[in-house]
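A short worksheet on the structure shown next.
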Amino acid sequence: MYTVSVRDHFMIAHSFRGETFGPAQKLHGATYVVDVAFVRPELDADGVVVDIGKASDTVKSILGALNFKNLDEVPEFAGRNTTTEFLAREIFDRTAAAIGRGELGENARGITLVRVTLHESHVAWASFEGAPGAASARR
Amino acid sequence: MYTVSVRDHFMIAHSFRGETFGPAQKLHGATYVVDVAFVRPELDADGVVVDIGKASDTVKSILGALNFKNLDEVPEFAGRNTTTEFLAREIFDRTAAAIGRGELGENARGITLVRVTLHESHVAWASFEGAPGAASARR
Amino acid sequence: MYTVSVRDHFMIAHSFRGETFGPAQKLHGATYVVDVAFVRPELDADGVVVDIGKASDTVKSILGALNFKNLDEVPEFAGRNTTTEFLAREIFDRTAAAIGRGELGENARGITLVRVTLHESHVAWASFEGAPGAASARR
Amino acid sequence: MYTVSVRDHFMIAHSFRGETFGPAQKLHGATYVVDVAFVRPELDADGVVVDIGKASDTVKSILGALNFKNLDEVPEFAGRNTTTEFLAREIFDRTAAAIGRGELGENARGITLVRVTLHESHVAWASFEGAPGAASARR
Amino acid sequence: MYTVSVRDHFMIAHSFRGETFGPAQKLHGATYVVDVAFVRPELDADGVVVDIGKASDTVKSILGALNFKNLDEVPEFAGRNTTTEFLAREIFDRTAAAIGRGELGENARGITLVRVTLHESHVAWASFEGAPGAASARR
Amino acid sequence: MYTVSVRDHFMIAHSFRGETFGPAQKLHGATYVVDVAFVRPELDADGVVVDIGKASDTVKSILGALNFKNLDEVPEFAGRNTTTEFLAREIFDRTAAAIGRGELGENARGITLVRVTLHESHVAWASFEGAPGAASARR
């Protein structure tokens, strides 16, 4: 099984609802350093998992759409707690959809698993992983 | 599949028995930087894998019970080589037991896998992973 | 010359004013991983630069006063751009004041330089360094 | 499931063929920081996954055979793009073969999975993982 | 004293002449992860050391001119050993010249020190630091 | 000003005397990841700060003399608290002496500053820096 991972980051403001979040119920923010891993059982005809240039550009574009935002005011997140776990899933879904639309190249359809990890500090991080096909179909 | 990880550390002395350990048979020590990962297929009602405050406190408490100790003198490790692998398993077992006792919250019972990684230097680390339920039942 | 450094972090929301800041003029946020370095020419009577427990507690307390805040609403920052550089200086000033008040122990008065570094992502960080005495006197 | 990982590095020159590689079609180079993970369900009689001294020596020897080379001139790579993914697999195969030859000790035959990760920069890395037995038999 | 640092990377091939370099006399290569630090005693009118967007773009442009090259074939390096130290100085000189040409903004003329660090692996790095004005004048 | 740094590590047991050390008064241990930086104003005739092979070997040898030891039983440390700061100075002194004996090559006599940093965990580190000549003469 082969994996290729790329790293980028984005910076947002948000707040959480629910006692379990304690002081994080107040408006605060985070830098998320994001690793997106692409997994497949065999390499494509070019001998790669994915065109790393296209992969980096796609991740940059997906994170760019969230960067420098107050997530409390993003309509599609209305009523949701934008926890690190939730955002990992959201970025997974957007990456899977990009694969489905062919933005990472036709060969990228051979990718069987995508794992998105968000580092919120030097002592905490979260990830979501799944098959991109199912997520892509759902959108 | 969702994962949340937290990091902390502890510092101990110990020695190993067996020729395979070479100079590590002498009393020496280590800083272990510990990552504990909590894994589950779906988020709980709060939209998280685990209450990260409770998770961090539990890990700090488990590591605190080992911190600043000479493991050669800890009765429950008598006759055992406290290798990095062994300690990863030990911390896994204690984390699983804490989940079983409800210390990470009732929702934490949805956790299906725990992975404990101990970094002993910038060039070596070890981990143990398993289902917390089985380990919890065993204790 | 001896140096001891400790690391902690805080998470805030803020926005900047001025065209030079581009999209960062919008409300967003950051995780700052903070390193505070204490420097002195000779060790104290205990053979240390500073009591590392007191140093860690002081840094945690200083960062705790900023953690989970929207810096745009903090009265003492009114009219200021809370850039990474600015915050490094602010935390330096607060650390210097704590040394001046004796919170890091009497021996900590031998510290001749404090350096505060804020990592805002894996690709950008900023620091401020200076003599704590002058800063302490100014407050 | 237990895992032990060791880290080392090597530095090579190479070039790629195929439009997909853009400017990397020119002769350039890379430092690869390599993590080799050894995985098994139970510890051996010494309480370890693998003799970490033997594991480190084996990895150093395998990387040493590639270090300071122009991979374009290595006969066994003729006609191949020595991508990060390809090299991860190559180092996996050589590690699996070393296990098969007993170089990591007889106990190392209990290893059920080997994962080789090559970090090519602070923002990109690739890995290959598989059962060492199959790879060993193939050589 | 304030410092702002940005990180980027480049990947090159090269060889060294001289017995002291041992196997590095053969054509090989390296990934250099580069940190460029900008230092000044007081912040500019915007409350920053340097416009971090301009700083990042300048560093990317300087590294881009070296990226994916065989440094043995770069005319201006003819007859020189392109050691990590040498390259740190070269990138320093180019950064200083960019400041001198005003590419980092007029305010950047207040920068009194630039430090360039090249990480060649997880266990080795080198840097050059100096006043940008002198270097800028020399070009 | 040029700097070259190399990294290695050692693992020891020790205990501290004095109330200020709290639980660290008990026998415990640490992994120290050690960075040794060599600084000089101009490169030598080979275009380097120091022969990095010799530098790495010297550091490995110095750390090897401490590795896998209980520092409480090392005669030359009798009556001393082997704090991270103290050990940074000790390794500095030994490195300076090695330079003085010519073990890093004749050219290494041009080194004007040596900085030794010991990382004891992901959240704490200490360093000592000074001119190697004075330290070398003192031994």
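So that you can tell them apart, the chains are marked A, B, C, D, E and F in the order they are listed, and the count of residues begins at 1 in each.
Criterion: a residue touches a chain if its C-beta (ideal position, glycine included) is under 8 Å from a C-beta of that chain, and two chains touch if they have at least 3 such contacts.
Small disclaimer: the values here were computed from a predicted structure and weren't measured.
The fewest steps needed to get from chain B to chain C, moving only between touching chains, is 2. The chains that touch both chain B and chain E are D, F. The interface in B-D, B-F or A-B that matches D-E, meaning over half of the contact pairs are the same by residue number, belongs to B-F. Annotation: the chain B:chain F pair of sequence copies touches via predominantly the same residues, more than half of the used numbers being shared. One finds 31 Å separating the Cα centroids of chain A and chain C. Chain E and chain F have Cα centroids separated by 28 Å. In chain D, the residues that reach two or more other chains under the touch definition are 7, 122-123. Those residues of chain D that touch chain A in the shared complex are 18, 20-22, 80-81, 83-86, 88-89, 117, 122-130.
By the touch criterion given at the top, residues 7, 9, 11-14, 23-24, 26-33, 67-70, 120-123 of chain A touch chain C in their complex.
Chain B makes touch with chain A in their complex at residues 1-8, 43, 46-49, 51-53, 56.
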